[in-house]
Structure formats: C-alpha cells, structure tokens
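Next come two complexes, and both contain subunit A; in the first it sits with subunit B, in the second with subunit C.
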Partner chain A sequence: MTLLLVLPLAVIFTQALSKGWGAVQDALAEPDAGSAIGLTLMVAAVTVPLNAVCGTAAAWCIGRFRFPGRTLLTTLIELPFSVSPVISGLVWVLLFGANGWFGPWLDRHGVRVVFAFPGLVLATVFVTFPFVARSLIPLMQEQGASEEEAAITLGAGGWQTFRRVTLPNIRWALLYGVLLCNARAMGEFGAVSVVSGHIRGQTLTMPLYVEALFNDYEWVGAFTVAALLSMLALVTLALRLLLERRVGAGRRMHA
Partner chain B sequence: MPHSALTRRGAIGALLGTLAVTPAVAATTLLNVSYDPTRELYRDINRAFIAAWKAKTGDVVTINQSHGGSGAQARAVLDGLQADVVTLALAADIDALAQRGLLAADWQSRLPDNAAPFTSTIVFLVRKGNPKQIHDWPDLLKPGVQVITPNPKTSGGARWNVLGALAWARRQPGATDASAEDYLRALFHQVPVLDTGARGATTSFAQRGLGDVLLAWENEAFLARKEFGDADFEIVLPSVSILAEPPVAVVDSVVDKRDTRTVAEAYLHFLYTPEGQEIGARNFYRPRDPAVAARYAETFPQLTLATIQDFGGWAKAQPAYFADGGLFDRIFMPGK
Partner chain C sequence: MNVDLRDLRKQFGPTAALDGLNLAIARGEFIALLGPSGSGKTTLLRVLAGLDFVESGTIEIDGRSMHDVPARKRRIGLVFQHYALFRHMTVARNVAFGLEVRPRHERPPRAVIRARVQELLQLMGIGDLGQRYPDQISGGQRQRVALARALAIEPSLLLLDEPFGALDAKVRKALRLWLRDVHDRMGLTSLFVTHDQAEAMEMADRVAVLRAGRIEQVDTPDRLYAEPANAFVHEFLGESVRLDCTVEAGMARFHGMPDICVPTGSRAGPAIALLRPHEIGLLPGPGPMRVESVHASGPMRRVRLVLEARIIEVLLPEDLALPTVGESCGIDLTRARIYPAD
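Entry: the complex of A and B
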C-alpha cells in the first residue's frame, strides 16, 4: 500500500531529474511555465478567500440555527463532491458560453467568462466550495451558540462577537478547510479543462500545462511541473497532519 | 499554503493589471485554434511569421496556440473561444462554424487548394520488425491485432482513418456499402481504447505501449519516429489511403470584432509561401508548392489516394458517417 503511494511520487521526481538540474531549470524558465504557475496562484488567490468567507457563513448558518431548508442547504454544499468535475466545468460553458443562457448578453457587453480567467475561477470555486464548510459544520454544531450568546448578553456587537469568540473557536478547523480548498484549487483538472480553451500562456493552469507538455513529448517539462504540484501536495500533507492535531486537541479541550 | 495578505494583494493587483492592459495589446495578438498534431508545425510557423510580419510592417504580433481534438476544438470555438484563425483537421469542423454564422459560407474558396495549404494521408505505424505482419487494411482484422485510433466523434484524424478504411473496403471486388460497413465494424472490434485526439492516441501507442498498430496521420507517424526513435517503429503504407486536406480559415466574426483581419489573413497566406511550405514539409506535412514538393519527393512516396469527393464531400460524409445515428454509431458499441 505504501509502495502504491510512494512509487508514483518517486517516478515523478526521477523523471523530472532524468536529464539533470539544467533541464529542470530550463523547463521552469519557459514563459509558458511561468504563466501557468502565475495563473494557478491567481486562481487560488481569488478562490480560496472567497470560499473561506462563504464557507464560514454557510457553516455558521447550518451549525448555529434551525431553519426550514437546513438539510437541503447541507446537501447543496456537498453537491460539488458528488458531481463529476467535467460536469462542474460544463455547466459554466452552458451558462456563459456563446450559445449559453447569458452568453449572447455577455458577448454584447464584451465580457469574457468561459475560456478566460473568470471561467477558471468559477469552475474552481464550484469544485472547491465544500471544503471549508464541511470542516467547520461538525465543529460549530458541537460547540453550540452558548459562548456567542454570552458575548452578546455582555454587550458585544455582532462583528466583535465573531472576531473575539467565533473565529478563535474555529480557527484551526478553518485553516484546515482553507488548506484542503487551496490544494484542490491548484490541482483541479477536469472542471478547468472544460472551461479553459487550452490557450498556451493564457488559460493553462499547472495541471493543464502538464497535460499539454506531455502531449508535446516534453517529458522533462511535464514531470518538472508535475513535481512542483507534488511538492504542493506534500506540503499540504505536512500542514494537514499538524492541523489535525490542533483541531483534535481543540475539540478535546472543548469537550 | 495560506496566502499572506501581501501576496494576495499582489495577485489581485496583477489581475487588475492584466484586465487593464488587455485591450491595448489585443490588436496585435492572434489566437490560432488548431487540432492535435500541429503543435510542432505551428511553433515553427509562428516563429517565422512573427519575424516576416515584423520585417514587413514593423509591427510585433503575438500568436497564441490552442490544441486539441479537431471536433472538440470546433465545439469550443462555437461556445465562444475567441479564435482569430482556425486550422482544423477537416472541412466539416469549419463548416459547422460557418453554419452558425461565425464565418462566411464560402470560406473554403477564399484560399487556394480548398483552403488546405498542406495535405497528409493516413498510414500505419507498427512496432519494430512489424511482428504482426501488418501490410494492408485486411491485416488489421487478424486475430489478436489491436488497433489504436482516436475517437472519430472528437478527432479529425480519426475521421480520416475511417474514410481511409472505407476507401479500401469500397475498392474490393464485389464491394457494397454493406460490405464496407462490415469491414469497419470488424476493424473497430480490434480497437481497445479511443483517445479524444490524435496526439493522445500516439502517446497511447508509442509511450504507453498499447496496441500493435496505430492508424495515424502521416505527419504524426513521422514525428513519432523522430521523437521515440526510428529504431522502435516502422511506417507501413497501405495499398489505398485517403487524401487528407486539413483546412484553415479566418473566423470573420472574431477578426471583425477584434480588428485583426489584416494580420490574420496575412498569417494564413504565409502558409502558402515557399517559406511556409518548406516549414510544413520539414514537419512532415505534404506541401502543395510543386518546387518544395519536388525537394521532399523522397520523404513523401506516391500512394493511391481516395479523396473526400469520392464520399460526396464533407457536407455528405459528415452526417452520413459521423453525426449522431450515422455509420459510426451503428458499427461501434463501446465495451464490446
């Protein structure tokens, strides 16, 4: 089992280095590589804060309140997990593509959504939405609203309560969700592949760029960028272990 | 990796920056939406054209490329991918754009040679020593022979593959439409996997070692030998194949909106110049220019070639063979 997990990683790094460090440096010096890395970072930079805010809000609603449609909302949050990523991409083409519902209107106003940056962000936001909310909901349900109520009773305002009471209680779980959200945002392939248009140096994120290089017979380049993504995964893994301990400790303390 | 406020602000700034400068440089960029195996061709063509355009006009033009299965690429352009020029695997895919009004219906007569500056054909790529003794179309049906081809629904090359097979089957003594259809059904029985584009099929065959024979564009077969080593693969020329004419066109609706018609047209005309033809031939596309063709006569042997006209043109062939409910849907059952 360990072999099954370690072997692919080993292959990626040995293939990347098969022609030495020079080839790796050349591959990373390609303008298209720089643009793929920059684009991936930018997509994540928009997606992750957005999903952190929306995910926290959704988790707060579900964790703290009882209201009609609460179960439905919980299910909706999970929806992106149960839908194939290809569909998650295709819906945006069907909505905002030239023949989509809003396509002609957008076109008249000169706004490009699909096959451009906004489309990549939309697809990524959709796919990564559940991560933050899911990691917060169980915790917030468990904690209950008593501390917040106490704060309000003592005269704290809404924002103050959130900043001084709610946020400190959820911060590790929130970070954990943000971490997973970010990892997926940078690694997503299927959904962004559909909305990308595959324009080199413009709409290729790192995973798409790996595919393009592989198909160009540029093995070293493909595996070099793949190695970068793998390193991201390893860093995520390490941080995740760390955070899991924190979250676990936080919960025990609370109980 | 959590982002610090600083990098986040930097990224957003960069994003706004891109949005702000896009219109200013828009006039001097072209997007060429192309099919799968032309990656290397257009890398060379673009470099040469950019230099030629700079020399002629003093302007700097940037050419962006997008590659994928021809049918899938046409679909993306229909869905709004802003292609100034399309350079696809077959006329039917550009016809589909013309039907939706993206370019004029007479697009194919606006450039010489049916708007196809190069031609190619379909050949067989086999492993070293031709272990399964594959020499012509009937050999593909031998028991145990696995045939690799991409999916005709998404790949233009695969559609030429099907037409090449049909061209041979229809020339056999006593051939009927039914016998040709039977041959095709038997042929696709030997196909273990359908990639979406020609390049995916090539890597399946050459890199991942799937199958015994790859039905490939001639240029793709040559390139595979160059990339993976002449020693590992051999090219087999079947007795009959098809004259593949991958056409090019300016997308009227896009160039008029983006004001790029002049440079887009110059770009396509460049493909017909001796320099463009030479670059094509070097990348294993059969040149139209007789002088260039003469220089590469040894590379490109003469073959018996059917043409798309033998099938009534793409306007007839596309619906009859490849549209939903067409011949291909009748003969190919996934997983059987």
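Entry: the complex of A and C
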C-alpha cells in the first residue's frame, strides 16, 4: 500500500532527473514553463483570498444564525464537490463563451472571460469554494455566538469583534481550509482545462502545461513541472498534519 | 439607574417569550428574576442588553429610551450563563477587553487599564490569576472573571444570567453572599436570573416571579412568601399543600371534609386552597383524616395524613404532642389562602 502511494512520487522525481540536473534547469528556463508557473500563482493569488473571505462569511452565516434556506445553503456549498470538474468548467463556457448567454454582450465590450485569465479564476473559485467554508462550519457551530455577544455588550464594534474574538477563535481551522483551497487551486485540472483554451504561454496553468508537454513527448519537462507540483503537495501535507493537530487541540480545549 | 420596562412583547414562533411584561427597577436595587425554564427570563436579559429586540413596549433607563441604542453603546454589563470568556485571551486581557475596544479618545492609557484590571481582579479575590487562560482555572474562578469583565465597563445596570448554574452546591452558596456583597460595595443596580427560589429569596431586595413571559408578582422575599398573589406564585415559592374547594357565599368548603369551612373574599365558584405544610394544624379526633406515618424532619415532625385517596403532608413542631400512626383526626385549615381555580 505504501509502495502504491510512494512509487508514483519516486517515479516523478527520478524521471525529472533522468537527464541530469541541467535538463531540469533548461526545462524550467523555458518561457512557457515560467508563464505556466506565473499563471498558476496568479490564479491562486486571486482565488485563495477570495474564497477565504467568502468561505468565512458563508460559514459565519450558517454557523451563527437560523434562517429559512439554511440547509439549502449548506448543501449548495458542497455542490462543487459533488459535481464533476468538467461540468464546473463547462458552466462558465455556457455562460460566458462566444455562444453563451453573456458571451456576445461581453464580446461587444471587449471583455474576454473564457479562454482567458478571468475564466481560469472563475472555474478555480467555483471548484475550491467548499474548502474554507467546510473547515469552519462545524467549529463555528460548536463555539456558538456567546463570545461575540459578550464582546458587543462590552462595547466592541462589528469589526473589532471579528478581529479580536471571531478570527482568533477560528484561525487554525481557517488556515487549514486556506491550505487545502490553495493546494486544489494550484492543482486543479478538469474545470480549468475546459475554460483554458490551451494557449501556450498564455492560458496554460501548471497542470495543463504538464499535460501539454506530456502529449509532446517532452518527458523531462513534463516531469520537472510535475515534480514542482508534487513538492507543493508534500508541503501541503506536512502543514496539514501540523494544523490538524492545532485544530484538534483547540477543540479539546473548548470541550 | 432607574430602569423602566413597559408592556414588553416578543414572539418566538407561536409562543410568546415576553407577553406584556412590566417592571421598574430602582437605582441600587438587586432584583432576582425567578421562573421556570421557558418563562422568558433569559429573553428579558437579552432584550435589556440589546442582543434581542422586542416587538412592542418601551425600555427606559433614567428616562432615556433604549429603542435606538445599540448593544455596544448601552453600557449594560451581562454575565453569561456559561461565562463566554474569550478563550484565547488571558484573564487580564479578558477583563481589559471592554476598556481596550473603546474609541481612542475615550480609551484610558495602557497603565491605567492595567491598574484598573488588577484592582478588579483583587476585588474579585483572584488577583493572582491574571496571566492564566480561561481553561486553566476553575468554574467558580471563571465566574469571577466574567463578573470582573462586565464590571470593567462600569455598567449602569448589571445583568446576570443564572451565574451559578454550572457550579456545585457548595461553591454556589459561598458565591451568593459574595456577589451580594460586591453589589452593595460597588453600588450596582443588578438584575439576576435564576430558577432556584432559595437563591432568589436569599440574595434579592425584591423578587420578580415570571411565568410565560409575564410577571406574576414582584415583592420583597418576605411578602412574596407570606402573601403570594396567586396559586402559581404560591406553589413556585416553596412546599405547598393544595386542596380543591368550592366558594359559596364567602365561604370555602372542601371536598370530603363537610365540617370545615374557611371564610374568604375570593369569588364564588370552584377554587383551590393552598397552605404551607407548617400552616396546617392537627385537631384531636375523631375526624376525616387518618395518620399514616410520622417522621423526623429537622426540628419539625412530618406527619402524613390520608384523606380518601389523597395524602396530605403536615409539618408540626417537635415539642407539640404528636399523633400516633393509625389514629383518626381532623385538620385546621383556617390559614388557607383561597384562589379561584383557573
């Protein structure tokens, strides 16, 4: 079992280094590689903060209030996980593509969504939305609103209450959600593939670039970028273990 | 602070949490809100603190309507049932919170805040716990921290929601006297929610008895016990013996006891008579009652009488001649309070 898990990783790194360190450096020096890495970082840089804010807001609403449609909202948050990533991508093409609902209108105003950066961000935001909200909802439900109410009766305003009371209480769970969100945002393939249009040097993110190189039999390049992504996964895994311990400790303290 | 609550109403779905509630609290008073769970006690506190809102009615503090004053500007201290301490802050930071969040021009300098916090912690008898976290101290200590935190903002009114609910009986008892002492020394005006009638009677200047969102009676503990306004208050405030009766021409007559009648001002019709067990006298037999058992109960003797299928418990002082088990006897119900049956 361990072999099954470790073997692919080992293969990726050995394949990347099969023609020596120089080949790796050359592969990374490739302008298209640079643009793929840059694009991935950009997409993550927009997606992750956006989902951190929206996810926290959603979790706060669901965790703190009882309102009609609350269960529905909780289910909707989960939607991106139960829908195939391909569909998550197609939706945006149908909405904003050349023949989509808003496509012609956007075209007239010179805005490109599909096959461009905004499309990649939209698809990624959609796919990664549940991570932050899901890691916060159970915690916020469990903690209840009384600390926030106490802060308000002591004279704190909304922002002060959030910054001094709410945020410190959820910080580890939030970080955990952000971490998972980031890992997925950088690694997402399906949804992004549909909206990307596969324009080299322009709309290829790292996972898409790996595929493109692979299809062109550029083994070293493909595996070099894949190795980069794997390292991201390993770092994520390590941080995740660390955070899970913190979140667990925080909950026990509360109970 | 004079607090004046008039005709407060609030619905939670089909049930009324507050149903035309009126209450006036004078400066310096310590009032206990007593009632069964679901009677609206906590709702009333939350409404006063500005965390919940009424559908109608007015809340005035020193003549000023609180209608448009948000919770954070009311300066009403609220001690939550489960303390709601900020778990990621030290005890000292918890207490300092209300001062630290003030706008810059109102905020005291750091050194002043620190001194004030220390002073409060000393006053609460926990001067050496400032650097601990809430999960590192006991329940009773948390209670004191919660109180110190609420007092730091110099509240015009202090609200306490079952503050001793989560503590064991011994700690509870000690804290009662201590809290009352803090109230007197700091010149506070306090409203204290509890469902423990002994607690309310022991601590409060006046006790307000709540039922289903209304105040049934507000009075000093003595008067409340001696002159309950209705059957609910009577039964809620201590052991009660309840007997069905009928009022006719100013006389209450009891079922199964044709010889007994008690004069009353209550209206004619079906009624109930209520007495404390020690208010019932025993008359030498023969009579309608049979003595079933006699037990020691502190300085009193608890006598169980049987009338048809009913059991009536009577408390007699131990120096009185005690009946023997199996004996037949009569009872004296002249001290009964008669209320119309509802």
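Heads up, the rule we're going with is that the second predicted complex is superposed on the first by the 255 of 255 C-alpha atoms of A that agree within 3 Å, B and C clash if a C-alpha of one lies under 4 Å from a C-alpha of the other, contacts with A are read in each partner's own complex, and residues count from 1 in each chain.
Everything that follows uses one rule, which is that a contact is a pair of C-beta atoms (placed from the backbone, for glycine too) under 8 Å apart; a residue touches a chain by one contact, two chains touch by 3 or more.
None of the values given here were measured: they were computed from a predicted structure.
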Subunit B versus subunit C as contact partner of A:141, first or second or both or neither: neither
Partner chain(s) touched by A:75 [first = subunit B, second = subunit C, both, neither]: neither
Which of subunit B and subunit C A:84 touches, first, second, both or neither: neither
First (subunit B), second (subunit C), both or neither touched by A:18: neither
When both partners are placed on the shared chain, which of subunit B and subunit C touches more of subunit A: B
Touched partner set for A:168, first subunit B, second subunit C, both or neither: second
First (subunit B), second (subunit C), both or neither touched by A:153: second
Subunit B versus subunit C as contact partner of A:197, first or second or both or neither: first
Subunit A residues contacted in one complex by subunit B, in the other by subunit C: none
Subunit A contact footprint on subunit B (complex, rising order): 1-3, 7-8, 11-12, 14-15, 18, 31, 36, 39-40, 64-68, 76, 78-82, 197, 199-200, 203, 227
In the complex, subunit A residues that touch subunit C: 146-147, 149-157, 160, 164-165, 168-169, 253-254
Residues of subunit A defined as touching subunit B within the complex: 38, 41-42, 44-46, 48-49, 93, 96-100, 103, 107, 112, 114-115, 117, 175, 178-179, 182, 197-202, 212, 214-217, 232, 235-236
Touching residues (chain side subunit C, partner subunit A) in the complex: 49-51, 71-78, 80, 82, 84-88, 97-98, 101-102, 135, 149-150, 152-153
